[in-house]
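There are structures below to look over.
Each of the next two complexes has chain A plus one more chain, namely chain B in the first and chain C in the second.
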Partner chain A sequence: MERVLIKQGAEGKLYSSEFYGKPCIVKERFTKSYRHPALDKSLTTQRMKAEARALLRCRMSGIECPALYMVDIESRCIIMERVLNSVTVREYTRTLQEKDDAKNLLSLAKQIGEVLGRLHSNNIIHGDLTTSNMLIKGYGENSRIILIDFGLSYFDSVAEDKGVDLYVLERAFLSTHPNTEALFQVILDTYKDNNKTGAEDVMKKLEEIRMRGRKRTMVG
Partner chain B sequence: MVIAIGFEGSANKLGIGIIQDGVVLSNPRHTYITPPGEGFLPRDTAKHHREHALDILQAALQEAKITPEQIDVVCYTKGPGMGAPLISTAVVARTVAQLWKKPIVAVNHCIGHIEMGRLITGAVNPTVLYVSGGNTQVISYSEKRYRIFGETIDIAVGNCLDRFARVLKLSNDPSPGYNIEQLAKKGEKFLELPYAVKGMDVSFSGLLSFIEERAPVLIKKGEYTPADLCMSLQETIFAMLVEITERAMAHCCSQEVLIVGGVGCNKHLQDMMRKMAEERDAVLYATDERFCIDNGAMIAQAGLEMFKCGMTSPLDDTFCTQRYRTDEVLVKWRD
Partner chain C sequence: MAAEVIANELFPDSTITLALFRNVENVKEIRQCVMNGTFEAAILKTSMIVDPFQVIVAANKAVVHQNKVGKMMTKNVHSEILFNLSPSKNISDSFRKFGAGDTDQSVFIAVIDDKTGQTLQAIQNTVKGQQVDVDEVKQLSDLNNIKKIYKLTDAELSWSPLDALVTRIAAKDIMTI
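Now for the complex of A and B:
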């Protein structure tokens, strides 16, 4: 099968190809020569397993993500559905910001909050939430969010881990898209509505983690 | 022609450097070194700085072959850092500024590292990995701020290395990290350690407790040598750092990476980062111990940029602060 390199992410190389006639993405976690071989092997196996497990669990919970086609530990490849006609939420947010489209930014934030609320109420921790790791299909009211890149994910019901997940997103969101504090608050508010049982504890933890976060700059 | 003098004393190094329009005229430094198994305490470190301030200042002026009249601006580290050493150094800067009747610029320590790294290496808009005894941050510039994309959520990487060096009772001369780096070269057997990466953030405290607890036992039983453990520690924590840097580069679509801070002069970390960069057709920029480790010239360089934009501080505002985030500074001198 012909493979075309489309992107080199932090985890590996992404190729566009076809899997039995269906458009697919081949994600190859190639050997990272900078890592100790023992460490590299252990991390790669861990992450491939984590990604496959989370993709399945998301689909079972009604959270949109690419369909998993095949896992090949030997060649370090995961083959999954290629989501057609989609852009990353990072690009989409930039476009909306350039157009000053407050209405659609607001509905985007609500959509993100809703997906994350559902993700966490199913005890899935993504581990690397950024706007680059969310795809969006369609535009404005008719759009849907698809989560990708589950290599660092795991399952846990603890509020601390969910808090860290949101903290990671908050930092990535605010540093990638400056002056969006109000928008991030909308994400959190919608998150609370979609994760009724646990959101209160998670918000408390998030507050705690933010305080921890500031401490580090003390000594230089 | 603008000449700036910079005073740095936020940790255990006292450095005074003089810069003239991007050229380092002098950059002497004196390090407070504690006995093996001990860290440096604020009060003793401040005493060290006070004792050496005048000698280092004299050396800086002599080596640069300039007189105080030729200096245009006095720069000092406002923070972040340890309170007592910061203040002892700021007092010297304030005193000479008033004696010589020169304006003062208060500089953020982290910004000093970044600007020095950019000056020395010529990197234009790199993703920056800032690693030292007190800081671990992945930084990228956008819209007038150095924005923090990832950082440690507990202790700094240098702190982790220093504390492990104390367990092994390694010498603090020239630095604990340097001695771990040398010993690690002889390591052969890899011990798998907890690996904690959370998106673009890292955590070292769990890993440190794990190895602190097991090291004495493993060495006593003869299963691992101190060299094996140093190698395993370096391999693990540096892989974490390279990974979060790569993630930030992928996220920001960046093709340049710059390592700054004391841990940045570790050759093995530089080699690992270079391999990662080559695998994605990016370029690594790094400097050696003269400019990676805290020094006065870096404060002069950042101060010089600020001075040119009119960012001087009135005497009443020339205080110090232990907490001072990299992204608090408005970077007026970049587009």
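Now for the complex of A and C:
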């Protein structure tokens, strides 16, 4: 299998390749020599299983994500569909901001809010929501969001955990994309429309978490 | 029409041979050949397959597990393909649903490591039927039954059933452990 390294991260390597003729991504996780081998193995296993489970759960709930092709716990690698003609929402947002394309930024924010509302109404916590962990295929009104990078995900109905998920995204979003406070509010508003039963509690929690965050930075 | 011989992506020395036969008159006899050891192969029910890639994902997984201690759930790599295809954890139920039935008129065959082509030759000699392109299996699938057996959700069918099935197959043991 010919592999092209596309990302060398702290947790592992990402390759672009083909799996029996289908474009794929191979996500390989390192062993960490500073960790106890048993702990290291169980952490890696946990993340790989979390990723595989979430890819299945999302798909079953109608939330778009790559198809899963193989999980090999022993070799520490997952092979999944490579989403063709996609860019990260991070790159896409940058492009739209450079072009001052308010219309498409607005529809992007709505799309993000919608997919996250549906994710949480299905009790899937992503665990690492950033604009790099969302892909977008197409442009403007004809685009679709595809969620990726589920290694820290889990299933829970607790509002607090959903609040933390949104808080992580808020911090990442506002720091990566300057002057997007209003846009982030659109994400939250659309989120509420798509997670009707739970959103109110989640918003309360989000507010609490923000307060805690502020206190911490004031003290620190 | 030639069968497809594919090198395993992860174990390049290993191969997966796929073949499809239609207008088959003797599935019972073919199955007996596997049971009495005349040849080793997975004899699959065509109506449960939407695309050859579905079988490849199950066969690849069987080979990966064969090379690891304690990973196989069934007695050999060919029965493991049937088990991997099935959403059920019950082995005999998986064989019944995904193995070709005695009255079926087509069979999809997968053979692991048939390096010399001997097994395929033996199968071709045994099958009373017509060998066709493996892609023709797409015309033979019974999507309604597939939906029922895999319990595919409507939401999941917003995209191709193939992607839904391969994801199910790849994640099967992860969901149970």
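What we mean here is this: the second predicted complex is superposed on the first by the 209 of 220 C-alpha atoms of A that agree within 3 Å, B and C clash if a C-alpha of one lies under 4 Å from a C-alpha of the other, contacts with A are read in each partner's own complex, and residues count from 1 in each chain.
FYI, a residue touches a chain if its C-beta (ideal position, glycine included) is under 8 Å from a C-beta of that chain, and two chains touch if they have at least 3 such contacts.
Here the structure is a predicted model, which is why all the values come from computation and not from measurement.
Undergrad: Considering only the touch criterion stated at the top, classify A:49 as touching first (chain B), second (chain C), both, or neither.
TA: The answer is second: A:49 touches chain C but not chain B.
Undergrad: Looking at the overlay, what does A:210 touch: chain B (first), chain C (second), both, or neither?
TA: So A:210 meets neither chain B nor chain C here.
Undergrad: Scan A:3 for contacts with chain B and chain C and give back first, second, both or neither.
TA: So A:3 meets neither chain B nor chain C here.
Undergrad: Check the residue A:20 against both partner chains and state whether it touches chain B (first), chain C (second), both, or neither.
TA: Touch status of A:20: second partner only.
Undergrad: In this superposition, which partner touches a larger number of chain A residues, chain B or chain C?
TA: B
Undergrad: Examine A:71 and indicate which partner it touches, taking first as chain B and second as chain C; both and neither are also allowed.
TA: The second partner, chain C, only.
Undergrad: With the two complexes superposed on chain A, say which partner A:192 touches: chain B (first), chain C (second), both, or neither.
TA: neither
Undergrad: Could you tell me if A:110 is touching chain B, chain C, both of them or neither one (first, second, both, neither)?
TA: A:110 contacts neither chain B nor chain C.
Undergrad: Which partner does A:60 contact after superposing on A: first (chain B), second (chain C), both, neither?
TA: In the superposition, A:60 touches chain C alone.
Undergrad: Mind pulling up the chain A residues that touch chain B in the complex?
TA: 8-10, 32-36, 38-39, 42-43, 90, 127-130, 132, 152, 164, 167-169, 171-172, 175-176, 178, 209, 212-220
Undergrad: Touching residues of chain A toward chain C in the complex: what are they?
TA: 1, 19-20, 22, 49, 52-53, 55-56, 59-62, 64, 67-72, 74-75, 81
Undergrad: Show which residues of chain B lie in contact with chain A when the two form their complex.
TA: It comes out as residues 10-11, 79-82, 109-110, 132-136, 140, 142-143, 145, 147-154, 156, 159, 190, 192, 195, 197-201, 235-236, 239, 242-243, 246-247, 249-252, 271-273, 275-276, 279-280, 294, 322-327.
Undergrad: Could you pull out which chain C residues touch chain A in their complex?
TA: Touching chain A from chain C are residues 6, 9-10, 53, 56-57, 60-61, 64, 68, 153, 155-156, 158-159, 163-164, 166-168, 170-171, 174-175, 177.
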